[in-house]
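Labels A, B, C and D are assigned to the chains in the order they are written; within every chain, residues are numbered from 1.
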């Protein structure tokens, strides 16, 4: 299949992670996928996996919170010359902490990673998509986007900021043909990050209590495929066993 | 294709309407679809259309607010013996009215049609689906499900009641394998009802400002197809041009 | 103190209950308070208590769900000739039940008591207050107004309907000088009803975990006293120890 | 009256502004009020006004977004030795801007002023109040706290972050006796800032369409006076004529 369109995922980490899965899924649909994240090693593993399945991808090392890096990422995309059809901001960093023990740096970093990076990414994405009046821009939210519970207050504050950003973008750019979507991932993803960062909690869920990466990616894709006469701007995703 | 599964839509009216389109869509996927509504004539037109496209359907005249009718509908479904895979409660009645001019009967009827009927339908649907621990149950909500604005206060009150019902059902029955979904249709549907009931408003939207029936049905279907590890319980749908 | 204004509380039950406390509080501020509920015995006890404290009150037996009763209540108020300054709809009935065991009658009754009665009461209240372009209309909501959790789905559906009604009324009548307020009582009230209906749960809260009746009434009154340039339309109330 | 308790307002600007009015109101109740903001001139005018009315106040020049300044503010408070009973974070900065024209610096500054400063202020306030297990901590929110509309997306994102912070704080510290409150000011305040920053809009509202400073302060105070058995954690305030 000759490449005609491109996609980009910022926030690609471990191969068994949502960023990687979104990239693979988009590549499997024939898009040239630009994958970006902080670890070149991890990106290369994901790129290998995409190429082994016959997909096309370009690796760009980038820190989502650095304006220069995000600019550079889109300069690379631009140079390739394929219209950008799908973009996913998938950075999701969470550091639980009682409020009085939360350092200013932690509070700031969580906001920068979950929200400021999304702002930088959104500006570039929209500037790319606007001339064609089409494309889908995804943001990955969480349970905490809707409810702030300690010890996740700093994370919830950052995710609420992201959700409002997504909503404002949807209101501003949907009429211009850009589909802005906020996904609320309510539960624990069956991936490396949760397994390592919240291992007890992860195990307590059991396999049926975890979100499967493929299942999430399929819904993102079906939302991307929606006709503009009936666009979804926000949806939740949770395992059937998840209490909510 | 031999029929193996069934679906049901309660609230099927004009052929150019959401109930009819959901029924056609489900039938096109190979389900035997039970279609129910108050007007036998309208149901028969929809049934003809389904059959002309090679689909299988059964017509049942039913008033969603009458317990006997809803019971009877499910007795017919039961008798056919096909496992029920999808059920959509699509009754959506709206009578705008300044509050002081709203009659008790109007206030009550709107609740009965938008919410009580949904309760009756849900009980039967869940009783049918529970033994198999699978199936999807849709409720059709509206902008007013989230915001009550005059002169739509009575409608909004009924739709908010429906939304809470759907949420309680999702919490109670998702862990038992039944996928309960609340769709927020935020905008005007390109169908007979809006064209007739709110014709000025309908026209003012222009074709690009209306929700296409096929597009709505496709999203319902893709939500139905979700893997249980990542279920959506609520999503919005609006035309890209719709202010919100 | 000569009586100049009146107030009304519909949903007055046991003396140690919110309806009774609101009535006493309003009477202590010099209003002639009309108290209404289904039990004449209970109303008389509350009336005695008001009069013993030097307050003025009139008892009217009324079922909030009966249009005739609500009409009659306001006919009595009207006859007295005192401008109506405050009105509280305090009917709050809750029957927990798994959804499949919830009878149609139960589902309907909860809606009638929590929402339909509020609609009837609101119409009469607004008709009374509108000529003077002033007055406050309170609705008592609950945790469930915002979240539907089994086995409280039917209750939550009714309370969500009430909340939307209150919101629509606030939007329609605030610009006409009528202050419409929805109170979200999030927790267990230190009163007879919770003690009897949910006694285990009630005890588990401990005294510090319960809402004090006087404290609730004081906030209602301070909201009533707000200047129209800064009106509250919704607020929550919960014990400081209440998890939420 | 001998001073026994203190209060603090961070975000005191023009004398005809909410920060100044809160400070005056708290001082009129007998608290020694620490007033902080960036402009020493403005602070001195407010301090004169407080002292002329017989109140006690201390001026501290502080930039809410600077950790050192906030620390220093609380060191001054601490030194005075009066138990801190009330604290209000009133910084509210808004720069409307279409998203593609919004600079990274603007997006960041709005977050720092509306949210990061609140985090710094909250940590110090809670550390002060916690030993006494009492005190009220207010955050001033806005319409945008709940809805992100262009060209206010950056502002809305920052205010949503603040709201989530307030909610997480309420959940963490209410059980420890600290009353955390998020006020949603939905409308235009009758003060210098709106008159200068949004003068056309301000004028279009007419006097009846603006929030009066005194009225806001009175509600803050009555919420502060609530008994801990029935605390409000969030409330809205809007002029009776304000559409919402």
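The definition used in the following text is that a residue touches a chain if its C-beta (ideal position, glycine included) is under 8 Å from a C-beta of that chain, and two chains touch if they have at least 3 such contacts.
Computed from a predicted model, the values in this text were never measured in an experiment.
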Open item on the list: Going by the touch criterion stated earlier, list every chain that contacts chain A and also contacts chain B.
Closed with: none
Task: Copies chain C and chain B - interface residue numbers shared by over half, same or different - done: same
TODO: Starting from the mean Cα coordinates of chain A and chain C, work out the distance between those two points in Å.
DONE: 46
Open item on the list: Report the inter-centroid distance (CA atoms only) between chain A and chain D in whole Å.
Closed with: 34
- [ ] Compute the distance, rounded to whole Å, between the mean C-alpha positions of chain C and chain D.
- [x] 32
Open item on the list: Going by the contact rule already set, what residues in chain C reach two or more other chains?
Closed with: 171
Open item on the list: So which chains actually touch one another? I want all the pairs, not just one.
Closed with: A-B, A-D, B-C, C-D
Task: Contacting residues of chain C [partner chain D, same complex] - done: 170-171, 174-175, 177, 179, 190, 208, 210-212, 214-216, 218-219, 222, 226-244
Task: In the complex with chain A, residue positions of chain D that touch it - done: 67, 98-100, 102, 104, 107-108, 111, 115-116, 119-120, 122-123, 126-127, 144, 147-154, 156-165, 167-169, 171-173
